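Same chain, two partners: chain A is paired with chain B first, then with chain C.
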Partner chain A sequence: MEMKTGLECRSLDFAWPGKHKAARQVLTDVSTTFSPGTLSLITGETGAGKSTLLHLLAGLLRPTAGEVRADGRAVSRWPAYHRDRWRRRVGIVFQHLALVPDITAAENLLLALLPGSTSWSGMQAAIRRQLVDADLADLAQTPAGEMSGGQRQRLAVARAMVAAPRFILADEPTAFQDDAHAIGVIGQLRTAVEAGAAAVVCSQDPRLKSSPAVHQHYHLISGRLHPGPGHQDPP
Partner chain B sequence: MTWHPLTWAFWAAVAAGILLYGIAAVRAMDVFLNWQPDCAEAHQLRREHGAEIASLLADGSFACFTAAAVLGLMGVAVGWHPVVPGAMCGTGVLQAMGSYGRQAMIFWGIGLAILAAWRVLDRLNRRHPEWAATRSAGRMLLTAAPFLLLAVYSSWQALMHAESVPAVSCCAAVYDRVLTSSGGPAYPIRIPTLSFWVHLIGGMVLMVLAIFEIRAAGRMPGAVTAAIAIVWSVGASAAVKHVWSAYYYQVLSHPCPWCLFLPDYHGAGFLIFGCMAVIVMKAVAVWSADSACRRHPQLAKAAHRRRHRSGWRITWALIGFTIAAAGPAIAWRLSTGAWMKDLF
Partner chain C sequence: MTFLKRSYPLIVWAAREVLRRPGRNLLLLACLASLTFLVATALLFTRALDRTWSRLMDQAPDLVVRRIDAGGWAPIPVEAGLASASTVPGALSPKARLWGVVPGPRGPVTVTASTATIPPKALAGLTPPVRGQAVVGTGVTDALEDQRLVLDGRTALTIIGKFSPETSLATHDLVWIAPQDARQLLGIPAGTASDLAIYLFHQQEEEAIRADLSAAFPWPVHVSGRSTSALRHHVRAVRMGGIAVVACVPAVLAMVLIVTGTAAGSSSRQSQWGLLKAMGWTTGDIVRLQVVESVIVAIPAVTFGLASAYAVVFHPPAAGLAAMWITGGQRLHELVLDPSDAAVTMLEIAALVVLPYLAAAYLATVQGVARDPLLLMQENPWK
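For the complex of A and B:
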C-alpha cells in the first residue's frame, strides 16, 4: 500500500452516538489527502460537519468507521495516550477559540510550547514573532479575557502557529476579522504552508474562498466531501 | 467474623474487582475472538475503543483484587484470630477455615500472578500506538478468570467455615507439624535442611539472574527466572518457617510463619513475605516481557526497559528478604557465638 505524507482521510464515517437508528450520521465515506505545502479550504452549510471533520483530523473525535492517517500512520486508531502525543504536531484554531481568559496573551502562547523541547530563549523568540505577525505585540501582557473578539481570534491563530506544527487545522479563523487583519491571517497560514505544513481551513468567509493562497477547495454536502470550484491538485 | 470490618473491607474490594473485571472480560473476549487490526470498519473501531476501556477497567480490577488479597492476608495474619475461638495467630484462623483457607490463598496467588503478567503485557502494548499485543493481552486477561472465580469461591467457603467451627488449637497444629516433619520414615531428607539449601542456592541464582537482567536484559529466557523464583519462593517459605523464624521467636520448635505477622515480632512477616511476593511478581514480569518481546518484536525496546527495571526490583527485594529473614540469625550468632539450628 502506498504511503502518503500529510493528512489522509480513508473512508471516514462519523455519527454522533445514539440508540440504533437515532445515531445522527454527520460524515459519510470522506476520502481525501491534505498534502504538506498545501492550504485546503472546506466550505459547506452550517451544520454540514466541517467542525466535526476538523476534530476528526485533529484526533479529538474518533471516527465511527475509516481512519485518519498522518504521514502514513493511522493516528485516529491510536490509543488516547499516543494521540495526545501526536497532537503536539498539530496546531488547532477552534471555532470558539478555547483560550485561557485569565492569563496573558504571551502566556497563552507559552502553553502551546511547553510540551515541546524548545529552550526558554527559543520560546520567547517564537512568542514574540507570533505576536508581531498577529499584530498583537502591544497586547503581550494583556489577559486574553480583556481582548476584543478579533484580537482573541488572532491570538488563537498565533497559538496554533507558535510551535511550528506540521499540521494546521483552523475553524473559521477569519470570522471576526476586518479585511486587513483577514489578509494578515491568510498570510500567516500561507507562510506556514510554505514552510511545509499541511493546513486545512473550514470557513464560509468569501475572502478566503477567493484567496489565491488556497490550493485546494472542497465543499461538504450531506456529509460527503466534494472538490469545490477552483480546486487544484496538490503540488 | 462476618461483622469484622476487615471482612467487609475484603468483600467490598472483591465485589468492586469482580464488577470491573467482569466488564473488562466481556470486552476482552470480543477482542480475543474478533480482533482484525487490518480492518477499519465500524465494528473493529468499536472493538479498539472497547480494548482501551477494558485495559483501564482491568487495571482497576487488578488494584481491587490486590487490595482484597492484602486485606484477606491481614485478616488471617492479624485481624481475625481474636474472633476465632482458640486461635492465637493465622495458623488458628486457617485451621478454622479448613482446606478452603489454603486453597483460597493458592488461587489468589495464581490469579494475581496472571493479572500481574497481563499488566506487564498491557503496559508494553500501551507503549506501542498500533495495538501490537492487544489480542495476547486480552487472552492473558481471560486466563485469570477461572483462578479468580475459584479464589472468590474458596474465600467465601473459608470465611463461612470459620464462622461455624468449634474452638481450634493453634499450638496443637504447629507441634503436630513438628512431629511429622522432623525426620520420620516418610521424610528421608529433613524439610528444614532441604528448604534451607533450596532457598539459599535459589536465592543466589536469582541474584545472578537479576544482575543479568540489569546488565544485559534479554539475554536469558524470562521463563527461567520465573520458574526459579517460584521454586525459590516455596523453599524460602519453608526456610522462614523452619529455620529463620526460630531466631525471631528465640525458641527451637515453633515452626509457625503466621506468628511473624504479630505485633510481638514487629510484623516482620509483612516485610519477609512482602519481599517474596515482589520477587515472584517481578520474575513473572520478566517472563511476561520476554514472551511479549518474542511474539511482538516491535515491543522489544520497551520490554528490555521493563526487564531492566524488574531486575533492579528483584535485587532490592532479595536484599530486603535476606536482611529481614537472616538478620536476627546473624545477630544471634554474633552475640552468642553459635547457631540455634545446625543445618550443616
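For the complex of A and C:
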C-alpha cells in the first residue's frame, strides 16, 4: 500500500448518535488527501459538516467508518493517549475560538506550548513572534475576554500556529476580520504552508475563495466532499 | 535537575491556575490549615502529655509503701519501716518521705519535705529550704501577690525559689518546705513519715516484691507501683486522646466536604480540560497539573496548620490555653511538654490531611478527563 504524507481521509463516515437509535448522518464516504505544503479550502452550506470534518481530521472525534491517516499512520484508530500526543503536531482554530477568557493573550498561547518540549525561553520567543505576526503585540497582557471579536479570532489563529504544527485546521479563521487583517491571517497560513505544513481551512469567506494562496478547493454537499472550482489534485 | 527543568513550565502554570481562582483557593487553604491545626493540636497535646508524664514517671520510685489503719492513711514509723523493707530481697534504698496535702491560698497544695518525692530534674539549681522557707511550683506562685505563702491559714513561709516550668506537670501545685514545717502542717509526729519510697534492682520483679513487702511489715500496708500509676495515667491519656478524636469529628466532616468540593470543582473544569487535550495535552499532563495545583495549596496550608499547632502545644503560655481547652478547664499556664517525637506525629497528620485531598484531586481529574476532547469542550460551550 502506498504511504502518503499529509492528512488523508479514507472512506470517512460520521453520524451523530441520535435518540431511539436514529443516528444523524453528517459525512459519507469522504476520501481525499491534504498534502504538506498545500492550503486547502473547504466550502459548503451551513450544517454541511465542515466543522465536523475538521474535528475528525484533528482526532477530536472518531469516525463511525473509515479512517484518518497522518503521514501514513491511522491516527483515528489510535487509543486516546497516542491521539492526544499526536495532536501536539496539530494547530486548530475553532469556529467558536475556545479561548480562555480570563487569562492574557500571551498565556492563551502558552497553553499550546506547555505540553511540548520547548524550553521556557523558547516558549517566550515563540509567543512574542506569533503575537507580532497576529498584530497583537500590544495586547500580550490583555485578557482574551477583554479583546474585540476580530482580535480574539487572530489570537485563536496565533494559538494554532505558535507550536509550528505540521497540520493546521482552521474553521472560519477570517470571519470577523477586516480586509487588511484577513490578508494578514491568509499570509500567516501561507507562511506555515511554505514551511511544510498541511493546512485545511473551512470557510465561506469570499476573500479566501478568491485568494491565490489557496491550492485546493473542495465543496461539501450533503456530507460528501467534491472538488471545487479551481481545484488541482495534489502532486 | 532534568526533571525540574522539564517540569518548570508546568509548575509555573499550576501556580498561575491557583491565582486564577484566588478566593476559592484562599478559602481552601484556610480550611486545610484550620483542619490541620485542630487535628494536630489535639493529637500533639495528648501524645506529648503522655510522653512527658512517662519521662517524669521514670524518675519516680518503683514502689511506695503506705501504712493504713481503720481511719485510712496513717504515719509510718521510720526506723521500723526501713528495717522491715530492708528484709525484702530486691528492694533497694528504702527512703522515708514526708509529704501531704494542705489548704493553700487558692485551694489544696501538695507539701513535701522529702527530695524523694520531687523529680531530680526539678531540684536542679535550687537551695533546700530551711524552717520558714519554701520552694514552690508555678501553680502556687500564680496565686501570690508577694513572696509570702500562708498554708492552712496559720503557717507563713517565705518563697526562696521556684520549680522550673519544664517540670510543671509534676510540680505545678508542689510546695517544698523544711521537715519541721511539714510535720507541723501535716500533723506527723517525729520519727514517723508519710510513706516509704523503694527502688527495685529488677523492674520485672515489681509484682513479686509487692507481695513480699506487704508481708514484711508488722502493720497493714498498701503498696503501689510505678507501673500502676503509669497505667492509670496512660488510660487517662488514651481517654483524652479518644475525646480529642471525637472532637475531631467535625474536622473530619470538614475534610470530607473539602475533598468533595475539590472533586466537584474539578468536574466543572471539564470544558477547559477538553481544550487542553485539543492542544495536545495528555490525560497525564492534565492530572499532573491538577496535582501540582493541589500541592501548591496544600503545602503552605498544612505547614501553617502544623506550625500553629506546635506553637500552641509546646510554647507556654499558649500551651496552657491548649491544656485548658483539651482537659476541660485545667489552668496550667506554664505547662511545658516534651516535644521529642512530635515530628513523627506531625508527619502522620500531614499525611492524614494531604493524602485524601491529593487523592480527590487525582481521581476527580482522571475520571473527568477520560473522554473525547470535543465532548469535554461541549460540557460548557465556549462563548
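Going forward, the second predicted complex is superposed on the first by the 231 of 235 C-alpha atoms of A that agree within 3 Å, B and C clash if a C-alpha of one lies under 4 Å from a C-alpha of the other, contacts with A are read in each partner's own complex, and residues count from 1 in each chain.
One rule holds for everything that comes next: a residue touches a chain if its C-beta (ideal position, glycine included) is under 8 Å from a C-beta of that chain, and two chains touch if they have at least 3 such contacts.
This structure is a prediction, so every number in the text was calculated from the model and none was measured.
Steric overlap between chain B and chain C is absent once the structures are superposed on chain A; the two fit side by side.
In the superposition on chain A, A:10 contacts chain B only, with no contact to chain C.
When both complexes are overlaid on chain A, the residue A:132 reaches neither chain B nor chain C.
Once the two complexes are laid over each other on the shared chain, residue contacts for A:77 go to chain B alone; chain C is not touched. Contacts of A:87 after superposition: chain C is touched, whereas chain B is not reached. When the two complexes are overlaid on their common chain A, residue A:62 makes contact with chain B and with chain C alike. Chain A has more of its residues touched by C than by the other of chain B and chain C.
In the superposed three-chain arrangement, the CA centre of chain A forms the vertex of an angle with the CA centres of chain B and chain C, and that angle is 40 degrees when rounded to a multiple of 10.
Applying the stated contact rule after C-alpha superposition, one finds that A:112 touches chain C and leaves chain B untouched. Once the two complexes are overlaid on the shared chain, A:221 sits clear of chain B and of chain C alike. No C-alpha atom of chain B lies closer than 9 Å to any C-alpha atom of chain C in the overlay.
Residues 62, 80-81, 86 of chain A lie in contact with chain B in one complex and with chain C in the other.
Residues 6, 8-10, 12-13, 16, 20, 272, 275-285, 370, 372-374, 377, 381-383 of chain C are the ones that touch chain A when the two sit in their complex. On the chain A side of its complex with chain B, the touching residues are 10-11, 13, 62-67, 73-75, 77-82, 86. Remark: chain B residues 40-42, 45, 48-49, 52, 126, 129-131 touch chain A in the complex.
Residues 55, 58, 60-62, 80-81, 84-90, 92, 94, 96-103, 107, 110-117, 120, 123, 159, 163 of chain A touch chain C in their complex.
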